[in-house]
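Listed next: structures, encoded as structure tokens.
The same chain A turns up in both complexes below, where it pairs with chain B and then with chain C.
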Partner chain A sequence: MTDTSTRAMAGWTRPSRVSAGWRGRRLVGKLLMAFTMLVLLILFIYPPLLMVIAAFRQGAIAGQGDWTIEPFIEVMTSPATWVVTLNSIVLSVAVAIIALAIGTFLAWVAVRTTTPLRRIMTPTMATILAIPSLFYGLGWYVTLNGSGAPLNILLKSLFGITGSPFGSGWPTLILVVAWHVIPVAYLFMVGPMSRMDAALDDAARMSGASGGVAFFTVVLPLLRPTIFGVLALMTSYGMTAFELPLLFGVPSQPSILVFSTKVLNTYQEAVGSQGWANYAGAASIGLILVLLVTILVIARERLVSDRRYSTISGKGFRPEPKHYGRIQGLFLAVFFLVVLLAGVIPLVQMVLGAFQHVAGVYSLGFTTENFEKVLSSRRTFQVIQTSLWVAALSGFLAAAVALFLSWAAQRSGRVVRFLATVISWAPIAIPGVLVGLALLTAYMPVPGLQKLIGTPIMLILGFIVVATPIATRAVEGGVVQIATELEESARISGASKAATFFTVVVPLVLPSFFAGWFIAAIGVAGNLALPVLLSSPSMRTAAVTAYDLYNQGNTAQAAALFLILLVAVGLAGGVAWVLFAGVTRLLKRVRSIRIERAITRKGSVVHA
Partner chain B sequence: MPRTRQRWLVAAAITAPMLALVGCAGGGTPSDDGTNPGGDSGSAYGGALGTPEVESAMQDLYNQATDAGEYEITAYGPPPAQSVIDAFEARFPDIEITFEQLQSQDRITRLQGEAASGNHVGDIAVDGRTPINQMALSDPSWCQAFDNLTDVPADLIGIDGTTVNTYNTVFGILVNTDLVSDADAPHSWEALTDPKWKGKEVMVSPAAGGAGAFVSAMLLTPDANMQKWGWDIVNGIKANVSLVAKDAQTISSVVDGTYAIGVLAYYPYYYQTLETTPDAPVKFYLMDEGTPYSVGKQCVITDAPHPHAAQLWMNWVMSKEGQASYAAAGSYPSMPGSPGPKGIPGPDDADLITLLSDQDAITGYSDYVKQIQALYGG
Partner chain C sequence: MSSLTVHALHKHFGAFHAIKGADLDVAEGEFITLLGESGCGKTTTLRCIAGLETPSSGRIVIGDRPVYDGEARIEVQPEKREAGMVFQSYALWPHLTVMETVMYPLRRRRVKRNEAIGRAQDILEIVGLAQYANRPATSLSGGQQQRVALARALVMRPQLMLYDEPLSNLDPSLRRQVRDEILRLHRMNGATSVYVTHDLEEAMHLSDRIIVMQAGLLEQSGTPAEIFSRPTNEFVAKFVGFENLLAATVTAVRGDGIEFEIAASGRRAALPTTAAAKPVAVGDAISLAFRSANAVVLGEQPEPSDRCLVFPGTIERVDFLGSRNEYRITSGGAALRVAESERSYRHQALRREPGASAWVEVDVDLVSIIPAAPAAAPAEAEPVLAGSPA
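On to the complex of A and B.
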């Protein structure tokens, strides 16, 4: 055994008791990750947690007051609670399956086949998505209901059928809602689908599998993380659907009432001697949604955790489309049908409604005064401007948080992975009609957030929280497709974690990132609950203004405002599309230059 | 020219004129010259607002507001018709009022947030009487004392002088005159339950969280209403009606002839329809007895950042001009002697249903509302 003097001569130092992973830059990285997770936990987890607690407290303010179990027992023992819950589950599962099946198929057609007009499929779907659900619903309502409805006029003249046979009921409700969310499913799937390596498909075909077999046994299984994520998201959002079930479920005999209606009705009840709002009762119903989301997330994790889904593997990666012959004509026909049902019909009705004296009533003629009133309002420019920049900024930040959470979940240890999963799903557990209230009451006592109430920053934060679950479902599918070897190659070559992330991960996940950004931005633009509660009148959005007009009976003016907003969104989207093409080209160019420089630099193998 | 640059130029060429077109919408920044719209004399409003004393007091209040830099008012609650807002801003051009559709618990939570952050925004609370009374009765109260410059009668001011009954809105029967003659049109609750109208009546669904449940509950309480009408009427109407999701659809589906009779039709919506389409084949009837109505109340919020402007709005609403503006938009003014909306009897001539007192109304309708929602599947 060597003595101390010998060790000193040899320059030996006693090894640190702290392991390498917890020293120096790694420790800084870990602390930074911990701090980031803590902030995200406060923003994302605390509101639904407080909502759970609020189910057992009754007072003047939501989440405060005396502890009591009575509201919980009352709503849980009410048969109506379970009837509406079952209705919502049936609706959301049926809609999710239909929308995902058709959306996935169309995404495959757009990026994996040479079907004519495939290049316009994504911008078309994005445009359809921009139609607000309120006007999508009203468009179909006037198409299917009333003696002046085009479909009913057709049925009467051709078959002598009177009334509105397709105006409401389960089939109508499911189909109308499903058509509305097909573009969502498409945009979620198109990113990961575009990053599928053609070699995987080729290998199946060379082994004797037909195109269809290869699609179902190779392509779909590799998209499992995205598919199950989107399925879970759509199912949970179906529980919070409000306007469409109102329009097509309520007139049905018997009425089809849904979860969100029950939550709203319960919340509006007066309780206690002072007539407080029944937030405890509404939050108790919200516990059902918490349970459902928990089950969905656990099921998803169990189904996708057992294997790898990387399809972007480096050299030789070929995401090229293939020609499938004359059947591509059928593919195109399906696309046109979806565009007609999801976009053209409601959009035409919305356009007509904007020019009618009373929206949906053809017998009173047409007018331009709705546009005159909207364009002469001093607020129009401000609400459209606010809507565009709030949606763009919030959507971008939500997509950025989603990218961080997805990447952290894939590349970090179990604790971070668990926290990232919980954070990305937690806000969905709050019923939509309560989300503004839940966020405000949660943030009120938090010192740093308290002072931001009423400011634009609080509104942006609220939108990030609400939009991140949506964006994560779009982005995570792209992240799981990236093989770890690609990042490891960069790290081995000397790149830092940050450099690897921005030069390897980000370029590869860009299609999914932009899809997540766009879908999140559309969701923000149409959000009604947050703007009035979290911010100030100067931050009024077009969606809130139009909804106010609609509630005041000025549906035609609301339609006019939304048309103007749609034009603005289309233009902004066009600019964004051009920017996207430019950024992609720029990144490719930068990468080429860096590779060129690395190759020709003095000291490189080639240079020598 | 590179294609990338071409795309930029095309995008800019399309975007710029569109943004300019939208930017031409409105304008209307507060005037800077500080001119007194009332002119030099104390009664330069020409009697539009009331007596010379009232107008002088309101002019002083307007000057105080502008001197204090109070150029805007934020009201939390459902907005009145745009014509009412336009009339106020035409009278006081330096002050702009904006409405945020916050109601009940949402409004109180928002005010809590403002109190916690110190960023006070809300100046006025507008709603039905129950939520405004709840605000005023809170401890501490969310409403401050009303500065009564317009001689508002004491019975219209409540809760320690903080709340004001500003206007009422009625519900009635809307009839498509192409399908139902004046002689056949139902004018009473009992007539609505006649089986001959089965399938021909439409109503907003009480289960959908709208006014349907609350208004139907008025037939069940107080006891006098229960004895006169009660569950027989509620069940009888249910047997006859088809349901829609929104109040506005009640109006539109009668206008387009899908249904002959609209039950619990909201008068302001009907009024707006007539404003845009005077030839619409519809007519509005109040009930021969027991016309249901909603009591509108307002209060100036404690810690309002624009208190003078807020008091000015409240006083203008109760002035001759303000009450006439509400009547012109389809609401019943609350000030005695004010003319009612065009086409229906004034408030002194209409047989309005008996309502619970302010205090009892806070919780008195709740159980009945729940029962009616359950009746319709809610």
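On to the complex of A and C.
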């Protein structure tokens, strides 16, 4: 036997020059992945990049015209810019610390103590999260502003103070934003908190630490990476906040401007003899924000990737809640206070406001005329309809992108993981106002894409970018929980990578996916920052319309419109959920009936 | 059924060299076990065979089909390797019922639904879970879950079965039961099997052949009996329970025996050549290895005999453990461990206290001669060839 035939018998084939990973179906897979990543990069990274360029050009259209460094220098040398920077930092840090402290504490109360009602804490917080920030803001606005506002009447009768002392200004701004973010902090902390092995806590107690000392010396340090991660997230949230600073910062004397409101102001300034919008100035301010948030995100990634802490999720243990005695009554009181301030007060105020002649003024009595006015307008239905389908579609797409990104980040090589992280974080660095600006900058110069401006497609593209980070935070938790073996066993059982994704990953991640979809859709429905620049008069969202009504002094009608929107979103979500649950159950039943039938058929053959 | 060949397999994780040139030949229908401590590379080897891990270099052939070849740049995806695998964590999908789980491999290979149901039902009957067919797989008990995982792996009648510590997550009482099940199914199905474990007893019970691994190297291959009684190096000896390793130097090798000088006491003695797993030469550093349970403590010096080795010494410590006494006895510079059975300590008169003189006696056929471990392990040892069928 010759050498070659021996080799042939042993299955020897001529070496290919290309390694196994870069041939055949695996190459196709790699190309597909590269293509998807490219599309996402264009969608997510290209607009901000162009925004950087737009900071240095001045003309009628963003990112066009003469190259100039003047607006950039003007922004950088203006004291106002640095006041805005300082304002943003103060606001975001204060908000992050308050929200994280209270959120972490409540998360601990919910999973580690026997406080009554602890089981409803997470669903309650999730529900509060669903209140759009503009709606929440307007609710607080009418509670705090005007001589007829409940708080001001109370202050006047008790202390003789007139006016709206808490209508705007620093304390109000910080507290209102902080209350709004507490549920977010809570929901980020409750997962890691419940996965932490109670034995670690017990060990500290047995080593002589009291309950409180154990909390500060063991529980908190163990959660340090998570805490820093959430702190960074909260801070970036504060930096990019738009609706609340618009309501409680801008009207203050003197105005408290933060990045996003300053960007809008600068954009609306006319420059040059032709009265161009000041794209370059707005983009330059945006650059400072991008830099700050980038630093935060990098810091967060560093801290979260600390491996030593990954053991906090032990195997097969249940966190045993402990009884802390009467002080648990105080814990419960803190919870009620948060629910009251973050949800009940603004919500009730808005619901009542929708039925008042002037929102927030009780002395004038109640009426249904706001609803009559809003509902009698043809525009209302159109606006609600637009908001609903734009929210549903962009929420779905954002959740789908989030699912793909989190899965790719978990299971792929370093390059894909890096890109996925960048894509899922990049939009956080850019407030909605800037995303709108960036999209305008990116699409205006391209002839084909130009036509998209002012259409729902443009709005949806923008919302995907804005909503993906939110959806990612909801979806990635579900993806991380899927143990690698579940996918490996599918591969061994003969499923390709794609088949594994659709038969194992997708069904398991579906609940998180729906949560991500819903949260993203809510965020989109209540978002004002993006459509403020991107929507055209012919295509308005409910949030923009409500804001216009508020600006015209018609807060009661704005409340009515918002209420209708919320009910519509709730109904649509509820119907979708019931439909989905019904269909899944039906499919499951059908499958099991088919299996049962086949079994009986086979059984009868055997017994025949 | 088909054989499995692994040749010069290397795997690096960054700077960490996890597998340092593994060579493995598994005959058709053979059941082999990779035995070793955690982190020795046994699971990585198994995952390379499964295709879940891409080796750095080497060659893996299942039957006559190369599934990985670093030089020829061949890599077959796991789903195309026609292997079955049982995972330590069961790896059952929470969204599927038992029946759907077992049908999954069939459906992925385009077996018609009704035929798939029939085959899944057959295998479920074999593992005794037919009545749970419509329950969610993860709602069953640990032992039942692992049997579902076994059924899923076996339903395709794979040519190769891979087991990754399938019993580690089970309660001790269930382990025995599932172990018997694995053995029964293996005998029924006869697939070539590779089993990974760190548990000696599991390996002894299940395997046709055991391969002991350490730090990415295959240390020794042999039948369970060979591994248990004739380890070829100190690591394997310690791993299979030889508590006593006495350093010695070979002074003479005759036709029927090996003579040596014990380093700790300077005394000379001899053992038959059969005691050595590998041939030795004069001047070689060796270790005399025996289990503590195979030695006897005596209060008086026994009659000299060439059937026994005797070590005189002083009792340093006695620990009463109920079913036995454990002794630490110093003999020259060496510390010996000896276990005395209940039967022996009840019948034999002996001064069982620290400081008392004692004689340790071992039958020559219970002592193994092992090449002594080098003083310092070389950084990058040559690939150790093990695993050719004995």
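Basically, the second predicted complex is superposed on the first by the 376 of 608 C-alpha atoms of A that agree within 3 Å, B and C clash if a C-alpha of one lies under 4 Å from a C-alpha of the other, contacts with A are read in each partner's own complex, and residues count from 1 in each chain.
Quick note on the criterion: contacts are C-beta pairs under 8 Å (C-beta built on N, C-alpha and C of every residue); 3 or more make two chains touch, one makes a residue touch a chain.
In this text the structure is predicted, and so the values were computed from the model without any measurement.
When both complexes are overlaid on chain A, the residue A:Glu369 reaches chain B alone and has no touch with chain C. Of the two partner chains, chain C is the only one touched by A:Pro507; chain B is not.
Look at A:Arg378: by the touch rule set out above, it reaches chain B but stays clear of chain C.
Of the two partner chains placed by superposition, A:His323 touches none, neither chain B nor chain C. In the superposition on chain A, A:Tyr279 makes contact with chain B only, while chain C stays out of contact range.
In the superposed pair of complexes, A:Ala581 makes contact with chain B only, with no contact to chain C. In the superposition on chain A, A:Ser493 makes contact with chain C only, not with chain B. After superposition on the shared chain, chain A has more residues touched by B, the comparison being chain B against chain C. Within chain A, no residue touches chain B in one complex and chain C in the other. Within the complex formed with chain B, the residues of chain A that make contact are 60-62, 80, 83, 145-148, 164, 246-247, 250-251, 254-255, 257, 261-262, 264-265, 267-277, 279, 357-365, 367, 369, 373-381, 384, 436-437, 440-441, 444-445, 450-455, 532-533, 536-537, 540, 544, 547-548, 550-555, 564, 567-568, 571, 574-575, 578, 581-582, 585. Of all residues in chain A, only 9-21, 23, 25-26, 483, 485-486, 488-496, 499, 503-504, 507-508, 591-592, 594-596, 598-599, 601-602 touch chain C in the complex they form. Residues 4, 7-8, 11, 14-15, 18-19, 22-28, 74, 78-79, 81-82, 98-102, 104-106, 108-110, 112-114, 116-119, 121, 130, 134, 137-138, 205, 207-209, 242-248, 251-253, 255-258, 266, 268-269, 272-273, 276-277, 279-280, 362-363, 365-366, 369-370, 373-374, 376-378 of chain B touch chain A in their complex.
Those residues of chain C whose C-beta lies close enough to touch chain A in the complex are 50-52, 54, 61, 64-66, 68-69, 71-75, 77-79, 81, 83-85, 87-89, 91-95, 97, 99-100, 104-105, 108-109, 113-114, 117-118, 121, 133-134, 149, 152-153, 156, 162.
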